[in-house]
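There are two complexes below, and they share chain A, which is joined by chain B in the first and by chain C in the second.
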Partner chain A sequence: MEFNIDEMKEQYVDHPFDEVEFVVDAEDMVAFAQACGETAPHFLDPKAPDFRAVPNYASRYHGRRSLPKGFPVNMMASFDAGKSVEITGSIRAGDRLTARSHIHDIFEKTGRSGGMLFIVHRMEFSNQDDIKVSTVDWRMVVRLDMTRDKKAKRGAKTQSGES
Partner chain B sequence: MILDLHNHSVASDDARAKVENYCQWIQRRELPLDGFVLSEHRQFDSVSDYRDLEDQFGLVILKASEVETEYGHVLVFGVNDDLQASFDFSSVKLSLETVLSEAERCGAIAVPCHPGRPRVGMSAHFEQLGPVDGVTVIETLNGGSRGRENDIAIELAEQRGYKGIGGSDAHIVSHIGRCATKIEREIRSIEDLVGALKEGDCEAVSYQ
Partner chain C sequence: MAVDRYEDVEFGEELPEFTPDISMPKVVQFTQAAQMNFGRFTDHDEARKSGLPGAIVPGIMSQGILAALIHRWAPTAQIQKIDTVFRAPLVVDSAPTCRGVVTDMDDESRIVEIDLTLCNEAGETRVLGTALVRL
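Let's turn to the complex of A and B:
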C-alpha cells in the first residue's frame, strides 16, 4: 500500500481524536512500581511522605482508540515501535487524570528490512487541577515492503495459476 | 587524526545516545578517537552547539546528515543553508544523483554508507538501477554491518576505485568507536573534513 504522507499529516496530525478519564488508584501505583523493579518507599508505600507514581506510570493507561476513525492503516498490520514518556508533574493517588489523544507525527524511513511507516500517537495527561503531568508517545510501525511483498506474492501465485 | 564519521544522537528517532555520554564513554574507555561526527537520520541539526563539550573532552565534534535515496542511505558532510534548500532531507525517496550533484555544487560531499547492506545499501540496487556516476567515497567499514556487508563494500571500493571511510553507525553509547577513519591532516571543522574526503585523504579502520 502506498501512503501519501503529506496528505495523511494534513488530515490527521494534531487533531484530537480521543479523551478518557482515569482515577489513579494507590494499589495500582504500587503494583506498577513493583513491576518496574522500584525499591524507593515513595513509589511503594502509600503511607510514605511524597508517595507518588513512578515516572513512566502514565504509559499503563490506554485510550479507547489507538488511531483516529478512518485512518488508512490497518492496526492489525502494525506493531509496537516503542514509547517515550515526558514527565511534567507528579501523579498522586486519587488524582483524576484526563488523557487527550492526537496523532503527533507520521513519517517514513527505510532500513535493512525495507520501508517502514511510523505513526506517533501522543496522549497528554492532565490532572484535576488542569496541570499537565505527563505526555506519552506511542510509536507504531507498519512494514511497507512486507505489505508490498505479500501483494506481489499473491500476484505471482495468481499468475502461475493462470499459466 | 582518527574520527568516527557516522553516529546518531537522540536527535535521530531511533537513537538513544546523548552527545555528552558519547564523550564520557570515549574518555573512560580511552578509545583512540580524536573526534566523531553526528549524522542524524533525514535531517541536519543546525541548532546544537557542541563547542563546550569539545573543550571539556578535547574532542572534535562535527555535524552531518544521513539521507535516504533510491540507492540506499547516504552520508552528507558539509551541509549548509544552500544544500538544505536544495532538497528535502526528510524524504525517503531522494535521488542519489541529485544528492551527489547538489552536495558538489554546495561545497559538500555525499558518501553512500553501508553500501553492502540489503535494501539500504548502494550495491543492492545496481542490478535494477544500474551504476551511478559521481561517487568518489563510500563507507567501507560500518560498525553496524552484519555478515559480509563490509566485505561487499570493500570489494565495491576496490572494483570502482572509490576511497573508503569508516564509521560506527552508533545509536547507543557503547557502540561508538567500533569503526573510524584515519585522516593524515588535522581536522578542526567540517570544511577541513570535506576537503580531506574530496582529496581522498581517508582510510577506514576497524576496532571491532
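Let's turn to the complex of A and C:
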C-alpha cells in the first residue's frame, strides 16, 4: 500500500477521534509500581502522604479505538515503537480521568532496514478538576517495504495465474 | 547514596544500575494491574508460536522500570517527561540491567536530563530513552 503522507496529515492530524473516562484504582496503582521495582512509599502505600501513581501510569489506558475511522493502516500490521509520557500533574487514587485521543503526527523514515511509516497517537489526560495531568504519545510503526513486498508478491502471483 | 537536591547531581554522573525483576510472576502482576492480559506477555509457548523469542516484557513496564531507576537514585525526583524507544523485545525471565547517565543540567529550571538504557544479558540495548527530571 502506498501512503500519501500529506493527504493523511491533512485528513487525520489534530482531529480528536475518541474520548473515554477512567477511574483510578489504588490497588492497580500499587501493583503497577511494585512490578516496575519502585521502592518509594508515595508510590506503594495508599496511606502515605502524597500517595500518587508512577509517572508513566497513564500509558496503561487505551481508548475505544486506536486509530480514527477510515484510517488507511491496519493496526495488526503495526508495532509499538515507543512511548513518551509528559507529566503535568499527579494522578491520585479515585481520580476520574478523561482521555482524549488524536493523531499528533504522521511521518516516514528510511533506515537500513527500509522505509517505515510512523504514526504518533496522542492521548491527553485531564482529571475531574479539568487539570491536565498527562500526555502520552504512542509511536506506531508500519514497515512500508513489507506492505510493498506483499503487494509485489500478490501482483506476481496474479500475473502467474495464482490467486 | 540517594540524591536529594539538584546541587548533589554531577554532569556525567552514572545512576546506580540495577537488575529489575522481570520474572513471569512479576510480569503477570504488571499485566493484571495494567489490564494487558495477552499471551505474548505471559505465556512463553504462545509467544513463540507468534514468532517471538519467548514471552516479552510489555513496553510500558520497561518504561516504568527506567522510571524506578531514577527514583531509586533520587527518591524525591519529579519526572517531567520520559520518552522510551522499544528497540527490540526483552524476554521475560531474563536478567537485564538498567542504567542511566546525566547528560544535561539546567541550573535555572533545576532540571536534569538522563539517558536511559535497558540491556539484556548479552549487553544488547533493548529499550532506550531519555527523561527530564526536576530536583
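A few points about this structure:
The definition used in the following text is that the second predicted complex is superposed on the first by the 156 of 163 C-alpha atoms of A that agree within 3 Å, B and C clash if a C-alpha of one lies under 4 Å from a C-alpha of the other, contacts with A are read in each partner's own complex, and residues count from 1 in each chain.
Simple rule for what comes next: contacts are C-beta pairs under 8 Å (C-beta built on N, C-alpha and C of every residue); 3 or more make two chains touch, one makes a residue touch a chain.
Since the structure is predicted, the reported quantities are computational estimates derived from the model, not experimental observations.
With both structures placed on the common chain, the touch criterion links A:23 to neither chain B nor chain C.
Once chain A of one complex is fitted onto chain A of the other, the partner contacts of A:131 are absent, as it touches neither chain B nor chain C. Using the contact criterion defined above for the overlaid structures, shared-chain residue A:75 touches neither chain B nor chain C, since it reaches no partner.
By the touch criterion defined above, A:85 lies against chain C but remains apart from chain B after alignment on the C-alpha atoms of chain A. Contacts of A:108 after superposition on the shared chain: chain B is touched, whereas chain C is not.
When the two complexes are superposed, the chain touching more residues of chain A, out of chain B and chain C, is C. Once the two complexes are overlaid on the shared chain, A:48 sits clear of chain B and of chain C alike.
In the superposed model, A:37 makes contact with chain C only, not with chain B. In the superposition on chain A, A:118 makes contact with chain B only, not with chain C. Residue overlap on chain A between the chain B contacts of one complex and the chain C contacts of the other is empty.
Here chain B touches chain A in the complex through residues 13-14, 41-42, 68, 72-73, 90, 92, 117-120, going by the rule given at the top.
Chain A contributes residues 107-115, 118, 145 to its touches with chain B in the complex. Here chain C touches chain A in the complex through residues 18, 20-21, 26-27, 29-30, 32-36, 59-61, 63-65, 67-69, 71-72, 75, 78-86, 129, going by the rule given at the top.
Looking at the complex, you find that chain A touches chain C at residues 27-29, 31-40, 43, 54-56, 59-60, 80-87.
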